[in-house]
């Protein structure tokens, strides 16, 4: 690595007393480009939102033969393919595996955590260009979803969005997993019983094959349809006995579907200077289609948009950050 | 085999000039129980409706080590587990792989074919007990769906229904396949191009891995949302470019969902003397849940119902006919 | 079908008192080409040897959208692509799923059954050209293996061989399955216990996922390393506790490997007029490599050879018979 | 974490001028138990050898919901389940993905690197008990293999071995992958062409589905059958055109099979104070059987042995280190 990766710790007021009891002190990984320490230049900043079941620490995982997103960011800058930027890698891990980077009564205020606490800390601590035109937010999967969330709520903070294989069109990305989750919950004897057993086996051995599907649906319910007094504080969008959809709950989910909220908040998205959206043609969560719908909506908004498809599946596509950074970073204001 | 299997041919007025140009002369396989030829007794009759992509001839396929439904019917009677019945195996093959055993403008009048032509032929030709109380209709998958169709439209013909892993709750059994079908159609360049290529490769070599999903969705559209002038005479429930659901078309599908039509035609289903419903807990089409919903509705109707779940997947479950026949046949009127 | 398929029954002296107690009366399916009944012409004859776990009846199984080998034979003749032949489909089913078409003390004398009883019956019953130059033997998988067996032992009967994805190079086609079989046998508590439970569940429900692997290895042991007094009359090539190879037993297997016996019996194979060998590049049993080795050996023998590879896996490749028939049949003597 | 993880850097004379040009300066992760910094106690030391395609850095990868080996080591000590030890995590990454922790002319002297350079550095740098009775070496997969290598060559350094799912009985763990590797190499046009393309796609996007199998076989050839002047400096144990085994090369592999070398070096293994061996019953590399054979041999040696099987597959079994550490660490000399 030619740049430097620092790990700092910040306290997040937004996460204080979060309902899951997850920490409000969080590690923050920050990438400083080559030359940062030697000069006094200010830099644009790219915020990287991680995927569900990942954390801030996942960005530094190494893998067989492949390069991480961090490696690629560093190499792009080193090679001069993109101008230097600061990279910020907030930790959004929760006991349920994630937060969709929104404010939820069942998980916590992770949108505020990023938009207020992390951005504030970074601008106070590093030589950033502290304005929307010089900030991008990018991510993959739930992180790509999070980028759209920031576009909706915080155009005053971010003028550049990159969404890789982001959750969208919930009929295709979540609904096929509802009956699978229902089967596991029925077998376990309900949400609480399943969750306790899941925690136990994750600790004693490891999660089982279908656990990811179930915890993902539970976490989405915690994000989109929290309900006080229910197990885990969530209301599921289906009946536990027959798996029949509860349309009132499902409609609470749809409010959070980018395919639905982008058209409603088009004024916010019009403020974006550049938006990058992509998805693999073999994405197992069918996110290709939501990406196409979003691209159609955003084209209508007049935003400068890059929409790409590529021949791959959902996972292991960190190499795609080269495309989003290659498109967004040159469009970020550098002074 | 202790009984005898005859193959007859019948002409079906209902299938004349069907839109796919499929034959209106059809082979009819009929199982006559041991003792049939020697006596003059009349027998109850069980109609077996085959699954999608099967045909009347599929019932006599042999497989490694396992027993066919026909073998099992014969063995049950031979062993005295159930009293002797005539078994009827109509051929519902179509160029699209099936018909859902309904009358459709894009496929043909396969419900009429069974209810009028086949039943009429059988009652004219064999020593049946020609009344509803002595007729059962059973099937697996689309054949199980077909049994529910007969229950809806023809309580005057059938008083006993058996539905194994039958299509139900379309949000779970079909919707997950819509984005997959959309991907294949997009790649092929549309419905007509895909279909021609599918026919070509089936003839020259064999269908590909995802072909079944696509032809299944096309056939369901032909059954549930036919539209004159469109390729294959069908209207798809999604946009070909973004795969976005077309709710008006999707709602045409839902009209045919047993979970929807059973409650609306509860008077018809109340006339049933016995109904058997089952599904595997690992059914890949999530049919377990539709079966549970149907069981709830039918319980409300007061019908004598047997609802079972078993540890298996969707395919290769012909052994389950032992359960439906064991429940239904003893309840059929024998005089 | 333009030709006619007859089902006859023959008694096989070779199969009398076979050790598994399987029937010595067998159905024999015979395809007679268009024009057979009207004329007095004599025809070359192609013998089709079926695969492991199949039977004579499997040839007439119908499948979704695809064509069977029988359909393809009929269509090739009808279209004039190949001249008319008689097709013979012997039934080699055994309680263990097959015989490799050899004479084995644990299974029976299935090579003799074909070479003596079936060929004799066919030549007595039909207007064949009763000589080697007018006889071909073809098959897929264990049937392709069987064709090589006939080439080794019966060049006086067959001058044309077609082996599709035939068993060869046992290190690659069988050895990877030995540890898998060992695991299942260990779990079940031995060969006899496994076999009884396998029979029971096949009858009551259906074989399990890994059953095919186990029964295949047991059947191969019955073919290649029979041993009186052992369970099922077989000696396994591995220790039941550690799965360590027993080289003396394994060497008994290798004697039956075409890659080994073809070079030793090259004089027999030199008598062949034409040999067709193919295999898919994605064959799960790695048979591609054995096919390559055999092709090398046979090229050295001077036989007229066609060796092909194609992009497909092991199963569902009946369309390949078009290639073997297209090569072999025009080379068969027609008078 | 209650203990402390340090990352140090050491220069390895053994790795200088290694044939792959991989670095001879290596990061070394060292776990110091709670209380280390406050006292002057000396501790036993456990060396952890990583698996193929991993590196020293992989030990600190975080994963969804599960615990790493490092977390588990820390928790065991914190809970008092095992007495405190120093943990050492050498980096054995190579351009080919690993080294089997042996000295190879095609990869480098990774056994010497561990046995001389790492052990020397650790004993110089930390308050270890610098003797065999207080050293254990454990690992998973190729790391478990590496533990057996240390047992063979360095009983003067290590008296405690732990091998989880270690490579053994090469007929079952490697041979099934030879034809698969052969297919990929044939398609690519040879070893060098495949390797260059593999490197390119790993850098540009990511490895493909079957790449792991191929690079694994190439790396094993580099470890077991190096040959100067050949592509990558390796001799493959099969012909590139037919995949036929080259027995002379294969025999070079077998020399390195623990099932073969443990009986030959039984005197060395007799010096072990405790040996732990396990494997999952569903191990995809069939390592269960090699483990059984090794357990039989070691039982014969009189070593104190714990041999376990567990219901799981090859990967994601870091939780098993709780079993090996629980068995070995209490048996290590603490003074």
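When the chains are written out, they are named A, B, C and D in that same order, and each has its own residue count from 1.
Definition applied: a contact is a pair of C-beta atoms (placed from the backbone, for glycine too) under 8 Å apart; a residue touches a chain by one contact, two chains touch by 3 or more.
These are the chains along with the protein names UniProt gives them: A, B, C, D = Alpha/beta hydrolase.
Not measured: the values here are computed from a predicted model.
S.K.: Give me the set of chains touching chain A intersected with the set touching chain D.
M.R.: Chains in contact with chain A as well as chain D: not a single one.
S.K.: What whole-Å value do you get for the distance between chain B and chain D if each is reduced to the mean of its CA atoms?
M.R.: 56
S.K.: Could you state the distance in Å from the CA-based centre of chain C to that of chain D?
M.R.: 44
S.K.: Hey, which chains are touching each other here?
M.R.: Pairs of chains that touch one another: A-B, A-D, B-C, C-D.
S.K.: Looking at the complex, which residues from chain C come into contact with chain B?
M.R.: Per the stated touch rule, the residues are 53-55, 57-58, 61-62, 64-67, 97, 198, 202-207, 211-212, 215, 312, 316-317, 319.
S.K.: Going by the contact rule at the top, pick out the chain D residues touching chain C in the complex.
M.R.: Chain D residues touching chain C: 169, 171-172, 175-176, 178-180, 182-183, 241-245, 281-282, 286, 288-289, 292-293, 296.
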